[in-house]
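Chain nomenclature is as follows: A, B and C, assigned in order of appearance, with residue numbering initiated at 1 for each chain independently.
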Amino acid sequence: MNFVHIVAVISVLQFFYFGIMVGRARGKYGVAAPATSGHEMFDRAFRIQMNTLEQLVCFLPALFLSAVYWPDAIIAAIGAVYILGRFLYGAAYAKDPSKRGLGFVLSILPTFGLLGAAGVGALMG
Amino acid sequence: MNFVHIVAVISVLQFFYFGIMVGRARGKYGVAAPATSGHEMFDRAFRIQMNTLEQLVCFLPALFLSAVYWPDAIIAAIGAVYILGRFLYGAAYAKDPSKRGLGFVLSILPTFGLLGAAGVGALMG
Amino acid sequence: MNFVHIVAVISVLQFFYFGIMVGRARGKYGVAAPATSGHEMFDRAFRIQMNTLEQLVCFLPALFLSAVYWPDAIIAAIGAVYILGRFLYGAAYAKDPSKRGLGFVLSILPTFGLLGAAGVGALMG
């Protein structure tokens, strides 16, 4: 089993899930494409997806680059924290945008850790 | 020839193309930066680009991860369907956002297939 | 030292930096989440981040794919021009969106060059 690849696949599926939530919010709150706002609840779903897009674009390179230099199991475990943090972020943001802090930190810190590990590996390697 | 890499390069060029269309729509419909809406036709071009960004961030990891475990030619062929689907999506959306369904499905299904292939490969490998 | 990986890590950190600027602009100009506009200066910070997101999604695959076929040092040097161009882009855009051209070109040309190098490599390799 390649744990790092499994984490990568799950992180992409998670992003898909947030995208599906946006599609559902379009129907539920009557925000037809190409509009990207018009109802507070739609806006939240959209921002969860967009913020996760921003994070995923950092997370995946950090995950793959750090896995070049460090043991798979450790990198995958840190990556799993990112996924958990993102789910917390999404759940909290949907309820109350001002409560999104914990999930945000729990998903951005693993990415920073992986980026640091990748940077150290690339400098040493 | 590395077919998977060629598909990856074309998918990035396609995204660039949609970006150029947004730039042209800025001029044509008088939507100056940093605004991202103001004219229905600009909004469509912008949403085509943004949705392709969302898709590309899923497609490329799915393409590269699945190619680790499965034959290049098969993975590249599935990837080519994604590119075709995206062009259909863009062409249909620009004419009528409500007609974007077929192209959307033809680009999201290949990505799901590749993600599944990557997941199975990572679990077995 | 793996110069290509170091460039990749810095390009992701640069994107994080632009994201932090958006967060600061939220507070400074009173644009609470989930809104993504409401003050010209916030809009500029947000567009710098979003445009860099679009560019990064093209730059990283171009960087990694071209490095498969060409010498690390050359690819990393071209990648460094992208990073410089992005900083110019961000600094210019924040002051005056109409002056963003030079930085934009200096970050998009390296990506095109790397994509071309990747394409040629994939066709020859």
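The rule is short, and it goes like this: a contact is a pair of C-beta atoms (placed from the backbone, for glycine too) under 8 Å apart; a residue touches a chain by one contact, two chains touch by 3 or more.
Note that the structure is a prediction, hence the values are computed from the model and not measured.
Colleague: Between chain A and chain B, two touching copies, which fits better, same or different residues at the interface, with half of the numbers shared as the threshold?
Modeller: Different: fewer than half of the residue numbers at the chain A-chain B interface appear in both copies.
Colleague: Please state the rotation angle, between 0 and 180 degrees and to the nearest 5, that superposes the Cα atoms of chain B on chain C.
Modeller: The superposition gives an angle of 120 degrees.
Colleague: How far is the middle of chain A from the middle of chain B, if each middle is the mean of its Cα atoms, in Å?
Modeller: 19
Colleague: Scan chain C for residues touching two or more other chains and write them down.
Modeller: In chain C, the residues touching two or more other chains are 53, 57.
Colleague: Chain C touches which residues of chain A in the complex?
Modeller: The touching residues are 37, 40, 43-44, 46-47, 53-54, 57-58, 61-62, 65, 68, 93, 97, 100, 112, 115, 118-119, 121-125.
Colleague: Spell out the part of chain C that touches chain A in their complex, as residue ranges.
Modeller: 1-3, 5-6, 8-9, 12-13, 15-16, 19, 32-36, 49, 53, 56-57, 60
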